[in-house]
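Okay, so chain A shows up in both of these, paired with chain B first and chain C after.
Here is the complex of A and B:
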């Protein structure tokens, strides 16, 4: 906690830094980019995680544990490693363009790792395992009697999904959104490896700190990023409670 | 007319197919990377570090030679952080659960905050707070900030799962509070402590923000070295470094999953 207090003190003592962060296009853009990318990644990863989470929570099939381990494996990868893996697949001589070249004669997606697409896919890559694991834990407590009761009362599959399953799962969805959103906001390693023109707040902090030795602005950006992350996280967590 | 298969069955098969596809997509990059470290083929591009190292393990020996200092620093770091986190976290969790004192609630909330704030903010705060002079002790402090909450959570869960009746029985039989803690509470916490140690190890070994920003050329950590390898070395070398980096963390992860480590759901910071 002490480093945070130090950060906040530093940022507020040089009052200009905060105004600069909030007004200067470059810093504000990085914060807005972070917000937009993290929000998009949170929603898409939760949407993609719904089916696997349900399958892991409800179904037993041969190889289930192996598949589950494979899905949760990226939890052990730090950000730079995820960035590297995206380059491996979508870099200028990545596996996907190479394979596409063999099949179609044109190297599709070559170098897309370094575009916004690559960055977004990297975010999804480390968010999906988090989303699946968090949702699975929630789905495991879903009482099947609820669904059966609704069916016996004559509700069709779509009505049951909209009126029974989704309202019941809503808190879990909100808390999963909170988890994935905060993880994306703090993601530094991925952008460090992949980002070329598109800037996000953690990258901007790093640049200010190391290239411009601008400690006051770096500190103010840190406080702004932490406040944004914490604020949205609390907001979502309150809906989840 | 009746369908050959029930809709429920179709939905089940489709769900499993989607899940398996996702698993394949998530694992594919790692497979390509592993292949790149073991297969010497032009397909993967040319090495920029001169002639290929001899033998299947030549590449790994080369990488270890390149980053031996960083690997040793990271091992020292993990070796310091794991015992410290357990020694501080276990009594703290015990105090929070069994003997709350005025202010212990806020202290616990305070100890948990590092999980809720972006890792880079914590790292920058430590760096600027120390007047831009990174030291090994700062690395330890940063890693402790991340890992203590995990120990607190895990040990608290274990303590809440244990009934206090046994402890009361020991006390009523004349054992003092220290004796009760050492002979009744602690032995029953062993699974929780093992899980905590594995969690701290995995997070500390893989953590990037603090390890990178608080590293210096003299005190280089392996995660920082990994980043430098990604930016400067050829693909086979980077692939081999990745595998060396993952070698200790993967068994720890499997053990965590086997012990039901829900606390790892958030994984490493990215």
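Here is the complex of A and C:
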């Protein structure tokens, strides 16, 4: 609590700081960007995590543990490392454009590491494992009798998914959205390496502190970022309950 | 088998790793140390210089990835509880740090050999070597485009996505570039419009504004053109054997003193003073020169290295910048750059 109090005190020490952060300009843009990027990353990663989470929770197959470990591996990487990985894959001479050049004759995605695409893919890279792990835990508790009952009443796989599984899993989906969203909002290392002009709030906080030692604006940005994250989380928690 | 792995092998691995991590830590505590902020091994051969110092004296100077601006901010932040003994900066940022009262005076041995313009009369900062802003061009990575010769060339569409210069709010070298460019384009320390207008056009060709050293990325060809200090390019070419050319832009360029200062409240002040004395000695100056930064002490640049620099005619186009004006403009220029270049786009 003490660091939080210090931060808030810094933010309120100068009356203009919040005004500066919330009025049009670099700071507000960074908050809006963070919100948009994190929301998109949360929805897409949860959507993409549904199938692997379901499979891990319900199926037993050879090599399951290996695949599971491989999927969860990105969780152990720091943001900066993920950023460098994206450059290795999607840089100007990255693996993907080189391979695309060999196959199609055109180096697709060359240099996209430093575009919004690269940033978004990097966020997905560390959010999908998080979503898979969180959802898997929820899916494990899914009572198989429900599915069996629906099947015995003649429901096809799509109907079962839409009418039985998803409604049952809805709270877990919302809380997974909240977890991935919050992690994206706070993520810093990836943007530090990859952000060219698309700035996000944690990067602006870093710059304010390191380049200008502006505790007031940095603190105000922190408080605004935390408030946004907390607000969205509460919203999702209410849906989950 | 699986149960065996998780019950015995994994904890064993964990303990071994923990042991390995802790063992050198215990030994290191007895070593003598000097903490230098901004000690990037690939910049100005700090890696070689600190290794040589360790070999000669046994004193460790660990690497530190901060750029000049970040180093200054860290000193200021830790003012009441200093961690660092000294810092290394590009000239204007070191000047600013001294002005902010972050340094204590010290005049290392060999003080009189430093030209007056390159040191503070009170010993708050002094130059250890100088560099010149240049284009470092990986010729193999240009994709058929010719080697650019001027700032005007860099705006051509054939260089799209091929240029990088460091975020000037991170690194002092890049701040020197941005400040000097503005002057070159007709701006002043109060009017940044000419420089920023050029940089906005250049932005169309810039792939990234790095906040870490991209020395290896240039060498690999990930970044074909890096606007940075000339020495880093000569080192890529002559030491690492990369297909790299150093270009002094035809419109002119800027020299940059690289300075150091003793941090106020330095925890190992005496050790640091001995380190400073050694840094101006011929062996240390020659070691800096291996990375093609020009030693500040005249006569310490070995002849075979001197021959590898571009001809003096090129360097005639390099002007010195007024550090006091630069320091005064630093915050405003960095903010303007963020507002106009970085913080605006998608």
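Here is the rule we go by: the second predicted complex is superposed on the first by the 239 of 241 C-alpha atoms of A that agree within 3 Å, B and C clash if a C-alpha of one lies under 4 Å from a C-alpha of the other, contacts with A are read in each partner's own complex, and residues count from 1 in each chain.
Following the convention adopted for this analysis, a residue touches a chain if its C-beta (ideal position, glycine included) is under 8 Å from a C-beta of that chain, and two chains touch if they have at least 3 such contacts.
In this text, all values refer to a predicted model and were calculated from it rather than measured experimentally.
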Partner chain in contact with A:116 - chain B first, chain C second, else both or neither: second
Chain B versus chain C as contact partner of A:54, first or second or both or neither: first
Which superposed partner A:209 touches (first chain B, second chain C, both, neither): both
Which superposed partner A:101 touches (first chain B, second chain C, both, neither): neither
Partner chain in contact with A:93 - chain B first, chain C second, else both or neither: both
Which of chain B and chain C A:25 touches, first, second, both or neither: second
Chain B versus chain C as contact partner of A:199, first or second or both or neither: second
Chain B versus chain C as contact partner of A:171, first or second or both or neither: neither
Greater chain A contact set [chain C / chain B]: B
Chain B and chain C contact sites that coincide on chain A, given as residue numbers: 87, 93, 192-193, 209
Residues on chain C engaged by chain A in the complex (per definition of touch): 2, 69-70, 73-74, 76-77, 141, 161-162, 169-170, 203, 206-209, 211-212, 217, 220-224, 331, 334-335, 338-339, 341-346
Touch list for chain A against partner chain B, complex: 1-4, 6-7, 10, 48, 51-52, 54-56, 59, 61, 67, 69-89, 93, 95, 98, 125-126, 128-130, 133-134, 137, 179, 182-190, 192-193, 202, 205-206, 209, 215, 218-219, 222-223, 225-226, 229-230, 233
Chain A-facing residues of chain B, complex: 12, 15-16, 18-20, 22-24, 26-30, 32-33, 36, 43, 45, 110, 113, 116-122, 124-129, 132, 145, 202, 206-209, 212-213, 223, 226-227, 230-231, 235, 238-239, 242, 245-246, 249-250, 253-254, 257, 262, 264-270
Interfacial residue positions of chain A with respect to chain C in the complex: 25-26, 29-30, 65, 87, 91-93, 110-111, 114, 116, 192-194, 196-199, 204, 207, 209-213
